[in-house]
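Just so it is clear, A, B, C and D label the chains in written order, and each chain counts residues from 1 on its own.
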Amino acid sequence: MPACIAAMDSDGMQQRVEEIAHRARSRLGTGRLADYIPALAEQDPNRFGIAVCTNDGRVYAAGDAQEAFSIQSISKVFLLTLALRAGGGDLWDRVGLNPSGMPFNSLSQLEAEQGKPRNPFINAGAIVVADHLVSAFATPAQHIQDVARRLSGNPSILIDRRVLESEWQHRSRNAAMAYLMKSFGNIANEVDDVLYAYFACCSLGMSCVDLAKALNFLASAGYARCADEAFVTPALARKINSILITCGMYDAAGDFAYRVGLPAKSGVGGGIVAVVPGRLSVCAWSPLLDASGNSVAAQYALELLSNELAGCAA
Amino acid sequence: MPACIAAMDSDGMQQRVEEIAHRARSRLGTGRLADYIPALAEQDPNRFGIAVCTNDGRVYAAGDAQEAFSIQSISKVFLLTLALRAGGGDLWDRVGLNPSGMPFNSLSQLEAEQGKPRNPFINAGAIVVADHLVSAFATPAQHIQDVARRLSGNPSILIDRRVLESEWQHRSRNAAMAYLMKSFGNIANEVDDVLYAYFACCSLGMSCVDLAKALNFLASAGYARCADEAFVTPALARKINSILITCGMYDAAGDFAYRVGLPAKSGVGGGIVAVVPGRLSVCAWSPLLDASGNSVAAQYALELLSNELAGCAA
Amino acid sequence: MPACIAAMDSDGMQQRVEEIAHRARSRLGTGRLADYIPALAEQDPNRFGIAVCTNDGRVYAAGDAQEAFSIQSISKVFLLTLALRAGGGDLWDRVGLNPSGMPFNSLSQLEAEQGKPRNPFINAGAIVVADHLVSAFATPAQHIQDVARRLSGNPSILIDRRVLESEWQHRSRNAAMAYLMKSFGNIANEVDDVLYAYFACCSLGMSCVDLAKALNFLASAGYARCADEAFVTPALARKINSILITCGMYDAAGDFAYRVGLPAKSGVGGGIVAVVPGRLSVCAWSPLLDASGNSVAAQYALELLSNELAGCAA
Amino acid sequence: MPACIAAMDSDGMQQRVEEIAHRARSRLGTGRLADYIPALAEQDPNRFGIAVCTNDGRVYAAGDAQEAFSIQSISKVFLLTLALRAGGGDLWDRVGLNPSGMPFNSLSQLEAEQGKPRNPFINAGAIVVADHLVSAFATPAQHIQDVARRLSGNPSILIDRRVLESEWQHRSRNAAMAYLMKSFGNIANEVDDVLYAYFACCSLGMSCVDLAKALNFLASAGYARCADEAFVTPALARKINSILITCGMYDAAGDFAYRVGLPAKSGVGGGIVAVVPGRLSVCAWSPLLDASGNSVAAQYALELLSNELAGCAA
């Protein structure tokens, strides 16, 4: 963290976060709710929350920062981290590391590239990672829920069964991807089992505070403070951050890098987690999305925070 | 039929068919067996059969013309005809009429065109037609088997259960297409039910003689002689022939039209049915395929027949 | 020609053509003018003409059948025929024979397939054919003008310099295709020279009567009556007709085959030439186009003619 | 710069750079020379150079760091910076900011997206930027040469006329892109003029030392030390670095981010420039390229440097 913020007392930091929340709320009303599944379409469009977890373990929050929402694609960070922690095996032979340049649920590139997804943060890539976890763990969804609880220090985190059911009923697009990859030999388990594990992780309900704490290990060179463990190596934390920069924001990674410049992962539930390596992790949430599927108000909050950090660094 | 052949006595016609079979056998050994499913990969590559059914109801056959083989994509002609006979409903809103310019199992075009297949003779299109039949008939596979028996006058025609099982086990690619179309709202029934009906039709075992007789209605302005019924209207027979010309030979429709110039439908079991409107129907069969999935020797036999017909017409 | 029409006296045939023209005029007002180049956008949208040239050499015409219009893509039939007459050389190594399944000026397929166009009736394919003619003839545009005059017996046919100039000024899209093919080694001459020859042919001004007469050789097994010469072999005429069926109507070849069922070539000037092998050639013209670039009223006129021919054949 | 290096005396830093050069030389012999134009295919594959320019203005160099090579795509950084300095105008309406996910010279995406390139660091994007400069400056190539001289303090930098001539003769692919964009109205000037300016910049001959000095402004919040001027604003320097991270390394941006994690731009001449914001700029060069068009040995040198910086930061 830059000196001016590092030196800031807790009250000062809390005040900044509240100012950002106040300004970001001005963007409420712009965008549209995810219509991917009915359960998401029922969210209250006026919710906004933000939580910052600094590397010393303090949390600064504002707005609806304690309210659980559907983490959706943010789960892809958990999936990938657990797969790499479990050794990874041949994972990087089965999924690439580069931006796709395509919408997150595109099939044509997957077909042209013989069922190997471009990166682990598009749907097809995360489904391959889920397949890896289905092979590695007896109850992968349970395992991820346990890890989310441990990393955030919140034992009440749950898979939202109603969201999970809705995902399952509207699985056609993801099923198409999974079967296409299976036709190329890139899915080892039964498609239904893999999709179930994948959807279960997407359906985790977590708050901004939960997520800022749970993913702080990416800002802390792999050290998870709540769990008090070296969760991943410093090298691995650095590499995951790199994938987040190039592939974390759907097909708007470049726009986001240009405006915000931080490793981040977005979900269609309206949450975005971002990382300032060596300093802090942050999660902002608001349900209305732009055309790329990223929360309008949450992006703006992160842009404000990033500019503030850069400004006091200059 | 041109005068010179129309005037030919039965012995003369039989002799021509045997000469064509003799010459086409010289092409045996070229090409590869379908590896789409294991059951097809076990066919004897040296089989060759041909059967001509003239519009007066006579059949001229040579080689292995009485041996049943897996009709595979030739079933798409039955599927489409039955759907159009059953009224068709909104079928032409759900599937197009133009060549795809792509391999028969491509997904990228299907994705770009919102789940509407280009024509009913690529896999995706035939799956939509199968979905239509699943809605229209309680037991669509049984219904198609009954029709095939009636049109060919052969009550022993059967769905090959071993092929059907193999299709089901290797359904991933077709399942990917079906789920993709379902994600766009273009499949009304459960994907598993639609695929089962589709595979059952593909798995019909019929001989060259069966197929030449069963599809003679396309050469006879819609009249099915074996069943002695006006099976489709003359206008509908003409229209189905037009789709066969532009879309019947996978992505080699143009090559085939250039060399043979007849409405035809091919299957990866090695069979090809062709139609000379007003004259005759013909089916040739040999298991080894070219790169487009069309039988090498069967195509050559049809080219010889077409040249002969054109020659005596000149 | 079917007996009922073959037996028809000249007055009867003339009456049919006039009835078709009358009915087709009801479609005027539907569609849009080509905006490809300004010169085409200035056409009178109410023009309609039709001319039938029977294989005995008689011509039956109605409407604006004597008015010259820009033949545009119909020139691709002349280009291909001249290239094949000149031997063809390696032409079929440089251009394919199958439907493209794409708009006529698409680049993505051309890129994916290493600069080899799908068929000679999309722009890229015709540009390769033009390159072939630039290599073969000192003044290819002059040569094609001469051939058009000879085949139609009309020595006043001209390249419209105003259209040619407009084509040249708006050449960007075609230049992109030509340079892309040159980058793959599939254009031998300078791009500017090839485009000039290509545009010159597109800019020929011919009437319905001119075109029906000039392309009657495709209906007459290669014999050109006005020039009194065997212009191409019967086999070549048959093959060109086959390419016309599968590739002649832009990306609507299947729709047109389904409705009309004749080998045909369309141009964005509003003309369509069709062939009834062994019987007659026909050209209909009206400037307003549908979304595929084919004249609305001219298509309808050909559909009426085709139905009439089929009806009296039944 | 991390404390351990910031504190390092000049001798220490020089020693590190020489060690990196020594280790990177072990990768010589792997990869292939660019065959894009003959002039590049004649480079000596055993060349390797590296130069570091710290933000205090000192330069540490090893190997062939003073030898001029063809900067090729590194020129895209100059082109973009000059366009943005000149106001930018509607530049971001004409070119995007996101990774393309495609090879650098792909046309299909450009066609699908109506002639708007994904970002300014693929060829099509840089050609749009060059068009912008052709509109803004009377002699754009001269202007860029002047800027390169001023930023690096080396008045002998030249456009290599032999490379420029070779680029021009092999311009077909880039000409195809430029004409395609012009067909969509996204090129304002004559294609030949735009390509000439674009190729002239690509043909600049500069050494590792020249480039490390010239692009140090990206590490120094926009301040160009050699020229002693605020070349761009701190905000603009930060934004250019963001585009470099997501789009600077052809279609291997993600791989490079994963391994190296620095904003960087590569050229098929074998040079790569990278930036450690707030610390230093670096240029490594060696002609043999990997499949993505990035120098094998130069990438490895940057990976070693990045690991060293991260290591002493830990």
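As a convention for this text, contacts are C-beta pairs under 8 Å (C-beta built on N, C-alpha and C of every residue); 3 or more make two chains touch, one makes a residue touch a chain.
The shown structure was predicted, so the numbers you read here are calculated from the model rather than taken from an experiment.
Any chain that touches chain A and also touches chain C is listed here: B, D. Superposing chain C on chain D by their CA atoms means rotating through 180 degrees, a value rounded to the nearest 5. Taking each chain's centre as the average of its CA atoms, chain A and chain B sit 49 Å apart. The geometric centre of chain B is 57 Å away from that of chain D, both derived from CA atoms. Centroids built from CA atoms put chain D at 32 Å from chain A.
Touching two or more other chains at once is no residue of chain B. The list of touching chain pairs reads A-B, A-D, B-C, C-D.
Here chain B touches chain A in the complex through residues 106-108, 111-112, 171-173, 175-180, 182-183, 191, going by the rule given at the top. Chain A meets chain D in the complex at residues 96-102, 109, 118-119, 221, 234, 238-239, 241-243, 245-247, 251-255, 257-258, 261, 310, 314.
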